[in-house]
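Following: one structure in structure tokens, then a few remarks.
Order as written gives the chain letters A, B, C and D; numbering starts at 1 within each chain.
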Amino acid sequence: MEKFKDVQSQSPPVTSHLDRVGITNVVRPIEVSRKKTITLIPTFRVFVDLPPSRKGSDLSRDIEALEDVVEGEVEGRSKGIEYVAELIVNRLLERHPYATYAEAHLTADYFLERSNPKGRKTVEKYTIMGIAKKRAGEEAQRYIGVVATGISVCPSAMTTVSRLVGRASDDPPFISHNQRNDVTIIMQVPNGIDVEVDELIDIAEMSMSAPTYELLKREEEGLLVLNAHKNPKFVEDVVRDVVKNLVNKFKDFPDYTEIEVRSESYETIHKHNAYAEKSGKLGDFKKELNGS
Amino acid sequence: MEKFKDVQSQSPPVTSHLDRVGITNVVRPIEVSRKKTITLIPTFRVFVDLPPSRKGSDLSRDIEALEDVVEGEVEGRSKGIEYVAELIVNRLLERHPYATYAEAHLTADYFLERSNPKGRKTVEKYTIMGIAKKRAGEEAQRYIGVVATGISVCPSAMTTVSRLVGRASDDPPFISHNQRNDVTIIMQVPNGIDVEVDELIDIAEMSMSAPTYELLKREEEGLLVLNAHKNPKFVEDVVRDVVKNLVNKFKDFPDYTEIEVRSESYETIHKHNAYAEKSGKLGDFKKELNGS
Amino acid sequence: MEKFKDVQSQSPPVTSHLDRVGITNVVRPIEVSRKKTITLIPTFRVFVDLPPSRKGSDLSRDIEALEDVVEGEVEGRSKGIEYVAELIVNRLLERHPYATYAEAHLTADYFLERSNPKGRKTVEKYTIMGIAKKRAGEEAQRYIGVVATGISVCPSAMTTVSRLVGRASDDPPFISHNQRNDVTIIMQVPNGIDVEVDELIDIAEMSMSAPTYELLKREEEGLLVLNAHKNPKFVEDVVRDVVKNLVNKFKDFPDYTEIEVRSESYETIHKHNAYAEKSGKLGDFKKELNGS
Amino acid sequence: MEKFKDVQSQSPPVTSHLDRVGITNVVRPIEVSRKKTITLIPTFRVFVDLPPSRKGSDLSRDIEALEDVVEGEVEGRSKGIEYVAELIVNRLLERHPYATYAEAHLTADYFLERSNPKGRKTVEKYTIMGIAKKRAGEEAQRYIGVVATGISVCPSAMTTVSRLVGRASDDPPFISHNQRNDVTIIMQVPNGIDVEVDELIDIAEMSMSAPTYELLKREEEGLLVLNAHKNPKFVEDVVRDVVKNLVNKFKDFPDYTEIEVRSESYETIHKHNAYAEKSGKLGDFKKELNGS
């Protein structure tokens, strides 16, 4: 009799392949080094599949795979959150020899020093994601994601208010409602190519009515508000402009590159949110924008 | 030997009085009948104190006390969420004879049919609270609370933008930033008096730049936006106006009536929120407003 | 010049089809009548697609579509949460003539009277979902979902503890760790067939180590704990047993019926959660269980 | 006419002193150096009071006060999260000359390397808090807080199950239910004294049935489960043991030292949580434990 029985490796009474078995809600600080070294505190979700012949997955190996990577035992400090995800899926498949597929998701707060409308320095918060998916024997697929919060000003209410007060023109800027807008971009990173999360954050911010800032003195606040009202946008406009800006920026990427874009607006005149979404492949996005 | 030992009634090794022992995160539909019968689905937190002589509180009695009330075994369908809380604390002290104090908190979504700026019917969501606190041998103290979400328009950015564009006047309405604003009011309800949560919701909504609505057709949206921009308010203004409106409405209530007012604004030009708060007794609020 | 310009119907500068445009975080009480009439307070998400030729979707029509259904203007009180979703997607396509696709998701707390291990009555909380998806000109597809929380006892730690204390057998019941386990089932409901959420809740509960109860007196608590320890299960076992029980119950449903099953266990010996998942079509599940 | 009007400094129409005006939900990485330098990513809430004579508080000064401290302009890298809070309240009162009171709350994830029951290294997650409160002209009062998650095993169900199976003794260890238990300790840090958050985390963990670990191989898991079942505890026991351990550890602290202790248990046999709480002053806690 073995000292401590390996219950996980037994045959289960019901034989059925499971798509994802793993752990969620693991939080652990990591250091990544691209332009400089920074500390991230991601929440991790990692999974492998499970063949019908096994009762359980050895979940402690998920933590070990994660620690191997985080502690730099695999290949030193990683270049970015998506590389951490990639190293984890590689290690997951080594540590779970019965698995044919592995997946890792990391989500973390991220901070950039920005300049507000008068050039004053301010530190802004974003969410970033690193995802990797790997079939045994194939290359891992990496994805990066960002959520950036900015402001969107409603174009429709602006024209309505213009007419209610008898204003001669409907043109911006004028009084409207405006809201916090969360823009999410998730993009596949083709093998052999590097994409910075900062590039996706720039695209998210340039696609809203305006980016927002933690520190704004009086005139800076006024300029931000004025600029945003010169550039009113629906959530639909935000998503389309992200798509256009992504296509312009990454036009040389392979057509199969997967992209997902979302804009959610926390309406100030309603208790509910407005939402728009588009997913697909870069090649199809390019064709559509070129009208072909 | 008793069949199933009462571990809770044993003496604990460490003797120390505990302030609150009970259960949280209980969710249970109830019906209350004031003007009409409605279904609420509150989250309950109920507590009693525990003397140093007892190892544990019989927590199943908390659920029984709650069920006694919810099922109407105590005194039929209740008039309101604060009466449910009161019935529960009475029952808690009956079912926990070793306790000298009981507390119950209920928090629920609540809906009112409202008229939007052109009179169109719309159903709006609020949060309401019912709280009761009772010392053994004394009357229970009841509290009601509301959270209402509306819009607040920034008065400072409005004057700055006016000057940036060379507008002749700083007066409202003009372009500014505006945000979702959560107004919270919690008020003691003196014994023998009834206060409707609807009255507190009305005060919360009249104290913001404007209430908001789920359903707004084009002109209605424009009117809401225009009206809110005619009435710009800081979170500080919102709290002071709630205080003023409460004092006006409930001026005949006893001076000891406890009141807590909060306004939190989900800033559209920042990622952070603006916040203001005032707590105290009605008598002190009256004196302060009267300049004495 | 029209009085209030229809900005949404203009051509956008970037032409790109959007997959989903709509509103999220709408909360609204509804009544549904199957065996009896109950009040649900779902959170709604409703979407239509948007052609490249239109700048915006008329989001107020989403609220109107929802209200048409909730107020019973369409066809009286609905039989269930998935029928409400279906009525909404039908109405969305009527109210958005430019749309070719509509989707509605409803998620609500739900309560059932249950009997605990000694037959005592207790009221238990679940989450239910109703989903509908419709392409213009095709029949809507309906889905129902449930989340049920129960207890799972770890089979592996039970054998390890048995050996650590020199117990003669590894067999259950013995000391182990046990946890809250959230089981999620989402299943397509083929047209012309009715599935009760109660049936899915029953399957979720019978697939865990044991269901749990809000009210348990001393012996009832002991019986629940003992029964759960006689029936230890990994999250993997829970998912496989749900799959087996679904296949047994709904074996006559069409092979294309889509099913998604998840089990998440809030581990008491870790800060993280254990997770297992399986998605697919009923026909494939049947083949796999029959070993073909 | 001043270029950009200072609306905040105007007299408000309603004159009423506000207790707290400030900003919430600010997230910003900081470095603190005690034994070593670590990165924390706290969520900040900072407030000052507002006299009746002023319409608004200059909220951009809150961000500036926070940045002064975070960027080390005030006095270099801070020793701990409660010192960051103290530096912020000092700076708040300098930047808001009209204020007589300031308050700062920081809450952050925190990680410690721990040894699991067989000595294997594992990294564990906690929550820590730093709080400071200052009246103008007085010394700031500092507080530190921790939340540690461990396991608690129910003593009552253990005796009931023992009797249900006809076991000769009720003594631990035996089958019971066990749960995640969040222990919160908030303690005033008297001026001139340093308390490490690690000391409070140690006390929280030694007061539960057992601490828990992210990484546990088979035997380590068994030992943790066995040890926890040898040490069954109600939430009431956990709170009393924290109180006893705090009094032992900090017996030389001044009697006025404020302490708050909470234990919340995510019951695996119920959908609700069990909860116990005690607040007060160290001097009173000492008297109570000494039976005087």
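For this structure, a couple of remarks:
Throughout what follows, a contact is a pair of C-beta atoms (placed from the backbone, for glycine too) under 8 Å apart; a residue touches a chain by one contact, two chains touch by 3 or more.
In this text the structure is predicted, and so the values were computed from the model without any measurement.
The chains in contact with chain C as well as with chain D are A, B. Note: the chain lying farthest from chain C is D, by mean C-alpha position.
Counting the residue numbers that touch the partner chain, chain A and chain B have more than half of them in common. Between chain B and chain D the centroid-to-centroid distance comes to 26 Å (mean Cα coordinates, whole Å).
Remark: chain A and chain B have CA centroids separated by 36 Å (rounded to whole angstrom). Inter-chain spacing, taken between the CA centroids of chain B and chain C, is 31 Å. Among all residues of chain D, those that touch two or more other chains are 3-4, 26-27, 63, 125, 156, 160, 163, 214, 216, 218-219, 221-222, 270-272. Taken in their complex, chain B has these residues touching chain D: 3-5, 7-8, 12, 14-27, 45, 47, 50, 52, 55-57, 59, 63, 155-156, 159-160, 163, 170, 234-237, 239-241, 243-244, 264, 270-279, 285, 288-289, 291. Residues 3-4, 6, 26-29, 39, 41, 60, 63-64, 67, 109, 111, 122-123, 125, 214-219, 221-222 of chain D touch chain A in their complex. Every residue of chain D that touches chain C in the complex is listed here, in rising order: 124-125, 149, 151, 156-157, 160-161, 163-165, 173-180, 212-214, 216, 218-219, 221-226, 228-229, 266-272.
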